[in-house]
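I have placed the structure first, in the form of structure tokens, so that the comments after it can refer back to it.
Labels A, B, C and D are assigned to the chains in the order they are written; within every chain, residues are numbered from 1.
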Amino acid sequence: MIEGRHETRGAKETGRIEAFSDAVFAVAITLLVFSLQVPTLDNPSTSEHLVRMLLLRWPSYLAFSISFATILIMWISHHVMFKLIDKSDTLFMFANGFLLLLVTTVPFPTQLVATYLTTPVAGVVCAIYAGLFLMTNLVYNLLWWLAAHQSRLLKDSVSPMLIHNQSRNYALGAPCYLLALVLAFWSPGVSIGICSVLWLFWAFTTYERRSAREVYRKQRFEPDKKERHNEGRFDDGNKA
Amino acid sequence: MIEGRHETRGAKETGRIEAFSDAVFAVAITLLVFSLQVPTLDNPSTSEHLVRMLLLRWPSYLAFSISFATILIMWISHHVMFKLIDKSDTLFMFANGFLLLLVTTVPFPTQLVATYLTTPVAGVVCAIYAGLFLMTNLVYNLLWWLAAHQSRLLKDSVSPMLIHNQSRNYALGAPCYLLALVLAFWSPGVSIGICSVLWLFWAFTTYERRSAREVYRKQRFEPDKKERHNEGRFDDGNKA
Amino acid sequence: MIEGRHETRGAKETGRIEAFSDAVFAVAITLLVFSLQVPTLDNPSTSEHLVRMLLLRWPSYLAFSISFATILIMWISHHVMFKLIDKSDTLFMFANGFLLLLVTTVPFPTQLVATYLTTPVAGVVCAIYAGLFLMTNLVYNLLWWLAAHQSRLLKDSVSPMLIHNQSRNYALGAPCYLLALVLAFWSPGVSIGICSVLWLFWAFTTYERRSAREVYRKQRFEPDKKERHNEGRFDDGNKA
Amino acid sequence: MIEGRHETRGAKETGRIEAFSDAVFAVAITLLVFSLQVPTLDNPSTSEHLVRMLLLRWPSYLAFSISFATILIMWISHHVMFKLIDKSDTLFMFANGFLLLLVTTVPFPTQLVATYLTTPVAGVVCAIYAGLFLMTNLVYNLLWWLAAHQSRLLKDSVSPMLIHNQSRNYALGAPCYLLALVLAFWSPGVSIGICSVLWLFWAFTTYERRSAREVYRKQRFEPDKKERHNEGRFDDGNKA
């Protein structure tokens, strides 16, 4: 009975933080559409001209897509992390607030990349873009460290192995984005490429891992299948 | 008891995805208002001049209305689909993420139509507009296929006939929007007309079907009235 | 037992419509801030100049405040109406969708008033502004008529007197806004004044009525105090 | 049993107000990103030029950060206040509506500071900025006064000492922001500095107090640890 009440309280405690975070993620991801600008045409214009103008804007479509995918992965990560968390903490809340600040900022470097990717200053804008994702990843690492080690906010059912795996997954993102940041000055294209591939890599790994595990499970008929299945679902999606 | 717990878990699993999707739909539908631009007048202006300027902007009101109605229908479809769904899946989540990307993009082609519908490039912008709705419909088909066949995410209570009807409804949208896309190059007006009529057609069919069914029910006094009523409510609203 | 399930189902049925509507109201009310534009100053500027420029923008602050207050009252009305409603209906959902379209549109005439209130075309923009609120009120009347008469979506506990009072309250808004619309062509100031006063009038009446009723209740010690208190809370706030 | 029903009703009564407020806070905090404008470069531009242009925009990053942090603290305050509140009231709802109006307005003075902090008119814009926060604080005081004294909307479990502490905390913000407003005319930098330091001060105090209390608790093994812990969590975060 006491256990039950404790659970409910815990759920409610992080519930409103989650709802607020979700709303910020949702608004930020939707505001990205403003990086897609309608071209202004000189009056006597042809269809070919408009199509050419629209195609010339490919950097904005690319930046929009990468930013959208990255915020989506961030949201999934946030979702997965909070599923493992039982209670909240002032320091944790401020770290989460700082994360939301970074998420909110994403439309700005997205706009920078959309505007300047095909100009001589592409290196700088790609470095800023990768730099923001690097900072976001560091804050995810901080959040996880606070939850798992410093303030012990996790549910009791979270196993040490899961904690270890998550820590490694979060830690893996930082060097990749750092590489993207540094390479931006040599080749902006490679930098942007890393940002996209990182996302695709995580998306595919998540899917394949799950499938592999499912097959494994069907062979073993584990009794606690459901529980572990849920915990491990986005193992690899958490790194962004 | 085990059944009960399973149900709750399933509800919770898709719950946060639904809430996030709803927020994205709501923000995207509200951002459409930016396609309505206030005209700038030369200083010594008359009321007639302003009214004429505002009336000249009819393409933006039309595009705003069609986009609003279409996103609303998409949201209702999403709602109906998730009411039949029990659990989630990584692949399904990424397909849903791609759907949200398309929904988020809607303000961009809306703005294109609002700006260029009365110019010689109207064909291109109408084709892009219909093309986005076509892609959205294809992703709805993909989502439904994943839910109903590939990953089996539906509730056990969903009957094979309902699955079949839904599949047909989703599949019906694609050729219509493809027609609108192709016809755009011959007649932009017809293309935009199809986009509006499609929506009106679905809206009215949904209503009439329900009424017809209700009359039929009152004559038969079916015991399981409530359940079937709910499942079939938006049968025809799902195609967008 | 069956009663209980029915209640839960009903609650869930309108639950997601309410959540979506709330989100649209919240985004629309927040987007109003874009009607407040930062003035651009010529380089060598003084503080007095900036203050004068900011004060000259009083129409935008006025339009922002009236629109904010009106959307807020609309949201409260929506809230109150849905508290009396048990179930939903396709026609009702589309009427609600049309209401959301009007709510979403509010930033546009707000911007018109903010830009043109002090110019010779003020009459036209005030008429459009009042016209939008008139249409919104008519849709509220339609929604209420659908809920109370045509489709009978209300909870069984709603008394005929409450239905009658609500109907009268909703109906009262239309002639007021129609007056504001017509008067706009003679005096834009009076028209805008009616829009503000209507809101203030409702806000104050709601408060005073409630207080009066409370005093009355304390004298009578009614046993069902809580229930009626809840139903009647925003009696006068529903007219917008 | 009656107690239980009363609790649920109370929870539901403020539930939708909280959800709506949360959505407005979330949208307002995300719209702040529009104060970060992408600089337009003359065509033949170098990386150094872009970096210099971006660094010159430091006022916009500063204003964005302070506004973000302040809205976040406001949201936490709102959250904490509503955790102590049981029921709602028409007057309280309108006061809450006025608070939301102020929160919605934040992007406007933020933009003013971002644009004019390094110009001769900095004093005026900083005074407006501090002035808005002063007004917000006054509305928080009003809300708390309505909840705790005028309309008695608090839960029965809230102790008089907690009420007294909260009242003092809310009251403390006003003179600080008033000081920032007045000093703006002498030194805009000091004024902006106070706005940032106020926030940092509250953030750190919240954290340290909690830690101190936790240590104290571990020594005493209090039985009602959980309850008091929850109530006092953001004691110092409520002043914004």
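We take it that contacts are C-beta pairs under 8 Å (C-beta built on N, C-alpha and C of every residue); 3 or more make two chains touch, one makes a residue touch a chain.
Note that this is a predicted model, so its numbers are computed, not measured.
Trainee: Considering only chains that satisfy the touch condition with subunit A, which of them also satisfy it with subunit D?
Mentor: A chain counts here if it touches both subunit A and subunit D, and no chain qualifies.
Trainee: What chain lies farthest away from subunit A once each centre is taken as the mean of the Cα atoms?
Mentor: Greatest centre separation from subunit A goes to chain C.
Trainee: When subunit A touches subunit B, do the two copies use mostly the same residue numbers, with over half shared, or different ones?
Mentor: Comparing the two copies, subunit A and subunit B contact each other through largely different residue numbers, since under half are shared.
Trainee: How many Å are there between the centre of subunit A and the centre of subunit C, using C-alpha atoms for each centre?
Mentor: 38
Trainee: So, what's the distance in Å between the C-alpha centres of subunit C and subunit B?
Mentor: 27
Trainee: Would you mind listing the residues of subunit D that make contact with two or more other chains?
Mentor: If we look for residues of subunit D contacting two or more partner chains, we find 19, 23, 27, 31.
Trainee: What chain-chain pairs meet the touch criterion?
Mentor: Pairwise, the chains that meet the contact rule are A-B, A-D, B-C, C-D.
Trainee: Which part of subunit C faces subunit B closely enough to touch in the complex?
Mentor: For subunit C paired with subunit B, touching residues are 6, 9, 13, 16, 19-20, 23-24, 27-28, 31, 89-91, 93-94, 97, 100-101, 104-105, 107-108, 111-112, 115-116, 119-121, 123-125, 128.
Trainee: So in the complex, the part of subunit D that touches subunit A is made up of which residues?
Mentor: 18-19, 22-23, 25-27, 29-33, 36, 38, 41, 45-47, 49-51, 54, 64-65, 68-69, 72, 75-76, 79, 203, 206-207, 210, 226, 230, 233-234, 237
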